[in-house]
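Each of the next two complexes has chain A plus one more chain, namely chain B in the first and chain C in the second.
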Partner chain A sequence: MSTASMRNAPDRLRYARWERAVPVYGFPVVNRFFLVLVAMTLLAFLLTAYRELAGLGPVSGMNDAYGWGIWKTFNVMVLTALGSGAFAVGIAAWVFRRKRLHALMRMALLTSFLAYACGLLLLGIDAGRPWNFYWIVFPWKWNMHSPLAEVAICMSIYAMIPLAVENIPPVLERLWYFDSRLRPGVERFERGLHKFFPWIIAAAYLLPGMHQSSLGALMLLAGARVHPLWQTPWLPLLYLGAATFMSFGCVAGTTMLCCLVWKRAMDMEVLDEAARITAWLIFGWLALRLLDIVFRGVLGTAFHLDRFAGVFWLEMLLVLIGGWMLRSSLRTHETRTMFLGYILSSLGGMIYRFSPTTLAFRPNPESLYFPSAIEVLVSLGFICMGIAGFLLVVKRFGILPAPLQEWHDMASYFRFRRPYIRWTGYFKHGYYGENEPEVTDSD
Partner chain B sequence: MAITRRELFTTIAKAGVPAAVALTVGSKALQAEEIPIPGAAVGLLYDASICIGCKACVAACAEANDTPPDTRGDSLHQAPSDLNDLTRNIIKLYKPEDGSAFSFVKRQCMHCLDPACAAGCPFQALHKDPETGIVSWTADKCIGCRYCTITCPYHIPRFQWQGYNPRVTKCELCSHRLEKGLKPGCTSVCPTGAVIFGPRTVLLSEAHERIKNNPGRYYQSRVYGEIDNGGTQSLYLSRVAFEKLGLPELGPESVPARTLRWQRRLYQYFALPALLYAGLVQVIRKSLAGHEQEAHERERETGLRAQL
Partner chain C sequence: MSKHPTIAEHTIAEHLEASGVSRRSFLQLCGMLMAAAPMGLALTSKGSVLQVADAIGKAKRPSVIWLHFQDCTGCTETLLRTSAPDVAHLILDVISLDYHETLMAASGAQAEAALSKAMADNAGKYVLVVEGAIPTRDDGIYYEMGGRPGVQVLREVAAQAAAVIAIGSCASWGGIPSADPNPTGAMGVNNVASGKPIVNLPGCPPNPYNLLGVVLEYVTMGRLPEMDEFGRPKFAYERVIHENCPRRAHFDAGRFAAAFGDEGHRKGWCLYKLGCKGPITHAACSVRQFNEIPGVWPIGIGAPCVGCTEKGVVWRMGTFETVPIHLATPPDTYPPIYSPAGQIKVGAAVLVGAIAGAVGGATWVASQRFQSSAEAGIERVIVDRKHAEELKETAEKQIPKKED
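Coming up: the complex of A and B.
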């Protein structure tokens, strides 16, 4: 379904309130696209095994001048920025209390978890001596002032504890509906979980704030080898800022795409709110970036005829046009403009996060880096793993927001198609729980 | 009246804000950092103007460190074109096109007083010895992240790209030979005395002596490494500009001190992050209560289980 047909869609599809996260029912998990993703993932695993035996040289284009390849600079630096939704959308929803954004939270948490998990796995493969990672459990062996230690430790803790715990509620919900006999246990577990939630959620905002900025601080130590348009003491803040608007783009953009693909109604109130916040973040970030460049007196280098100026203007224009499209979509309520705005601004942000390590990195002596085929295949394979995981989870758990009606539609769909299904205590007890047995838990 | 939990937290916060700010702002990291010079700092003094480029030191270095000869160039001669995973020490030639003065240069680890590689190394695999100041690499702690190859302003540490058990190669000033009372391999064979080994203070006075005795011979009449990059333990004298020899002008402040100052301040004693965390918990506690209440109201309205 294209945006054009969405414009002609009945009002039920165009204007709706997202009130409930509903699984994408009625679509098989395993289809041709999914099989391609799985095949790519398996291929990446095979190549990874080869990399572990042969070393990094034979499988990648990395060399003495460019010690870091796309596994670190793209899969970790860029994709975890896209996966900061749990951080940026979460702060807007929980700290600044933009209540409508709670509708997007489950999407944000899932995309973040997948982006971080895939990035961290690849980080382990990129490391030359990964068996020494066990030092991570001895805090007194950490180099506390190293940005890389901060990133490695903070990222792993974040993905394994706060982010994973925040993703438990959809799983519990699935269990709750799966079999009514599980309910007392699930509810007991939930009550326990909720006691820790403020602490978990607060950690889920502190930790990414720390490591997303430290990702920028990584390149501070590289000094003059990073082109002056990028090398600035404000690099940590700019990296963090780019992560915020990119992750809004990733969460809202992915949700819009899912709505398009699986014919779900869009809640323009939520999407407008997200677009408004994203636009402000974008313009704030652009202003900070430009002011920094002007005050450091390196604006002149942006007008040299070289690849650095080209990359600089490309990323600035992409982000600017993206932000402008988001602003204008708020007036016209054109989902197409909004979606494109998210795509362009995130693309600009991605190039920005990629530049200091690769495009704007000037090793001395001058040398070239271009990822090898194996490197690209492994990188793609780990991205495919994330996408496959996303498709699987979205179709089996309540992640994607939908109007209330969607839930009832799902119920009747399953009552008709799967009369034997057991995860439907819901059907047993009717739409409004009118037949719910009045038994109180005896625990 | 007993103190409520809320009061407890607000009191802690009220006391914590000034305390954390004071810790962050008033901490030592804020003031200009004094880089301590190790008591028994040893180093090399390389005088490019008397080096004849015989490369005896390159072969001696490989022998002293028990590295196989790097014959990957023409599978016959040990003639690497740059430092690499088998080469800790190399002689390079700077020869400008216009026929002006040429110079050899010996490249090996500078053993900075404040090394950027060690500042970035996550688990202290690269470590500066507090006594001798030698920067050495420990295999057991290295995760192979190659951050040292990014951070070193002299581009010295090299990663082994082949094999399942890669190592980082850099000059460690032949510390295994120093223990036996021997000099580093390169200094023990140099026929002209272009590279000499000794305590840093002795080498510095020797260098100044040479500058004084040969006015106008040396570039800027100064020793590279006396103050550059916060000071290094490998010192250089040269006739041609240091930049041409791959020794960038980094200023008197070390790279980590200059670039990580704010990073270090923000994380000093973990005070600011801890404070931020306490504040976030308070805010989220309140949001969560409101959110749960709304969700349960909605649950009663729709009859569907609340989704948090």
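Coming up: the complex of A and C.
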């Protein structure tokens, strides 16, 4: 929004408020883009079957020096950082009482769940010797001395219990509106859920704090193979810090993009709050990173003319420029600057999370890893699966925040413009859900 | 010798009890035997040490006659030089060693008489152990016992033996005395004696548990262990040293000591390039420790294997000559143990570039549209609200009609 038009707009329009989550209506789920996503997903599944039959050797570009391909280093290391919104936004909203951010919580929970679920599914496909996979159901056979096991167990438990439970409310809401006969049951279930919720939420903040830092600790174990600009005892904290600002970028950026695509009003107070927090997270993280490098005395390596220095400056500048753009968007109220700020800082964070595993990982001078086409397609296919799931869910459940009026508009839309659409279920029993039906469709 | 009954009338258990050997020591010996011959022997293929001890205890003490020929007495030494002196005594209590030129006190005519008595008492039942190569050139005059050529004595004693065990490489196929030009015409037992089952236990020296295993298998089960084409018992000689070598991982990873005392040698890397014959030498040295001390064997102390159990290897191949490898790399059905550095394939690179371009382009396009997005959102709110109000009015007009 240009500043001038914003200032001239009437107050009630200038400050659109996100008051409740409203499904995206009026757009079909299945469109050309969705079909492309589904096709990419199916292609990935086919290639996955091929991988299970042929083994990792012919399928991937991994070798002895690089035992971790992009399925681990990108889809898990990087994308779960983007999917830490349930952790970072949740802590900001609930623990640090940034109450405006509650409007973004459903987006955060959904993106987190999809990122973790797709990453973990791909991790299962990445596991070597799949015929031994059934041992995973015998906990007493687990190798508890493996640091990777800590990450795997922690991530799986987090995605399967706290994250899944946190995503139940939109489903309950939908059921509540779907049929009045379901309401007592739904309400009873919700009362029961509320008793457990404090524990679930506590676990939902504890577990990501553990495994997002453990991912850094894994690279700590790689020792001198990771370039000194990245290899530091603070790696776990830096990994966790990168996850926080990246996930803010993912949640707020995705929400902004959704508002753009589906023409929703943006609550600038919420977005400003998120941008302000993200900017401070970014500057704090950059300060920690730089201080660590200076005090370890490896700043000189950042000025060597090699690829490591190049990657280092690329990620530092991307994060710095992103943070600076977020700060400046607070002054100018330019949504474009804010969006690009999120994109650039998250991109920088993604490179940072990726670097110690691949770009700055040098087991020996002649080793090289570049993903094979199949690896890239499978990785992309699982991301497409996540995006397709996101599109499906936001069009069927109340995830995206909107002004309350949007809810009423949706009621009108289904009531009068698309009365034949029954399956959305939201307005079977009244316009606004609270009342029993005023009009029956008996005839 | 005279006090010692030459007739094996006692069972092993009775004799051990009479000798004051503790049950515990005997069980330890049985345990070591089980460890030394984990498979291939019917005797040790039992569930527990107690069962093995029972089987051995019930057997009669085997009468053993031990003849020396062209040897260094190393095989006898390995039997005696166990790390704990008790073990050597124990072995000598389990078997009845009725004639052994190195160990017995008698000499001269007394010794001759002892041999005759031992043969007469247990004719057809004793086990003959031969140590050393037998000189055959010039009717065997290069080695004489009691004025007779050794080869003649061997034939006589072997004729009445139940089984013949050739201990050491010399007795098995000639060993050092048979090295070129072999002036005495030294040969192994199987070239001299015939008509009796002959077990070869090559090695320089062989592990004494191999001998004990064969003898006890014979007296408890009444038969000799399964043997390979060279008459070597499979329980000890079926596999090559290379298969279970503690340095095998270095071989697979390509880490070799190139010279004695170099960095690789000090780090304990594979000795193949120093001429180690482990890949073609059939012996259990890598898993059966000498003198009950782990690591006490050539490769364990950094010396390449010379292949002492193989007739065609030791004294035939050069000390530092490397041996051909049967399987240099594992078969293709296993995952490769070493894969070279990866490479950038054009298709993958193009794909990554295309994805990055598409995502970057879409982001840029989206960001450009943000210029007016907030306005668009607000406009839509206005439009939709107006529209909704209109529709609602229309509907309210229509609904009463329906009820009519």
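The criterion applied here is as follows: the second predicted complex is superposed on the first by the 385 of 443 C-alpha atoms of A that agree within 3 Å, B and C clash if a C-alpha of one lies under 4 Å from a C-alpha of the other, contacts with A are read in each partner's own complex, and residues count from 1 in each chain.
The rule is short, and it goes like this: a contact is a pair of C-beta atoms (placed from the backbone, for glycine too) under 8 Å apart; a residue touches a chain by one contact, two chains touch by 3 or more.
Predicted model, so just to flag it, every value in this text is computed and none were measured.
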Practice prompt. Evaluate whether chain B and chain C can sit on chain A together after superposition, giving fit or clash.
Written response: clash
Discussion item. Contacts for A:Glu150 in the overlay, against chain B (first) and chain C (second): which applies, first, second, both or neither?
Written reply: first
Discussion item. Between chain B and chain C, whom does A:Gly241 touch in the aligned arrangement: first, second, both, or neither?
Written reply: neither
Worksheet item: Regarding the shared-chain residue A:Gly57, is it in contact with chain B (first), chain C (second), both, or neither?
Response: both
Worksheet item: Of the partners chain B and chain C, which touch A:Trp407 in the superposed model: first, second, both, neither?
Response: first
Worksheet item: Touching A:Ala373, do we find chain B (first), chain C (second), both, or neither?
Response: second
Response to the item:
In this superposition, the partner of chain A with more touched residues, chain B or chain C, is B
Discussion item. A:Arg336 in the overlay: touching chain B, chain C, both, or neither? Say first, second, both or neither.
Written reply: second
Worksheet item: So, A:Gly349: does it touch chain B (first), chain C (second), both, or neither?
Response: neither
Worksheet item: Looking at the overlay, what does A:Gly249 touch: chain B (first), chain C (second), both, or neither?
Response: neither
Worksheet item: For the superposed three-chain model, which listed region of chain C (21-29, 273-281, 309-317 or 363-371) is the one that clashes with chain B?
Response: 273-281
Response to the item:
Residue overlap on chain A between the chain B interface and the chain C interface 55, 57, 62-65
Worksheet item: In the complex of these two chains, what residues of chain A are touching chain C?
Response: 1-2, 5-6, 9, 13, 16, 55, 57, 61-66, 256-257, 259-260, 263-266, 268, 335-336, 339-340, 343, 366-373, 375-377, 380, 403, 405-406, 408-409, 412-413, 415-417, 439, 443
Practice prompt. Sort out for me which residues of chain A touch chain B in the complex.
Written response: 19-21, 52-58, 62-65, 67-68, 94-95, 97, 99, 102, 106, 126-130, 132-133, 135-136, 141-150, 152-153, 169, 173, 176-177, 194, 197-199, 201-203, 205-206, 209-210, 214, 217-225, 233, 236, 363-365, 398, 404, 407, 431-434
Discussion item. List the residues on chain B that touch chain A in their complex, please.
Written reply: 82-84, 116, 118-125, 139-147, 149-151, 153, 155, 158-166, 246, 248, 250, 255-256, 259-260, 262-264, 267, 273, 276-277, 280-281, 283-285, 287-288, 290-292, 294, 298, 302-305, 307-308
Response to the item:
Touching chain A in the complex, chain C uses residues 335-336, 338-345, 347-349, 351-352, 355, 363, 366-378, 380-382, 384-385, 387-388, 391-392, 394-395, 399, 402
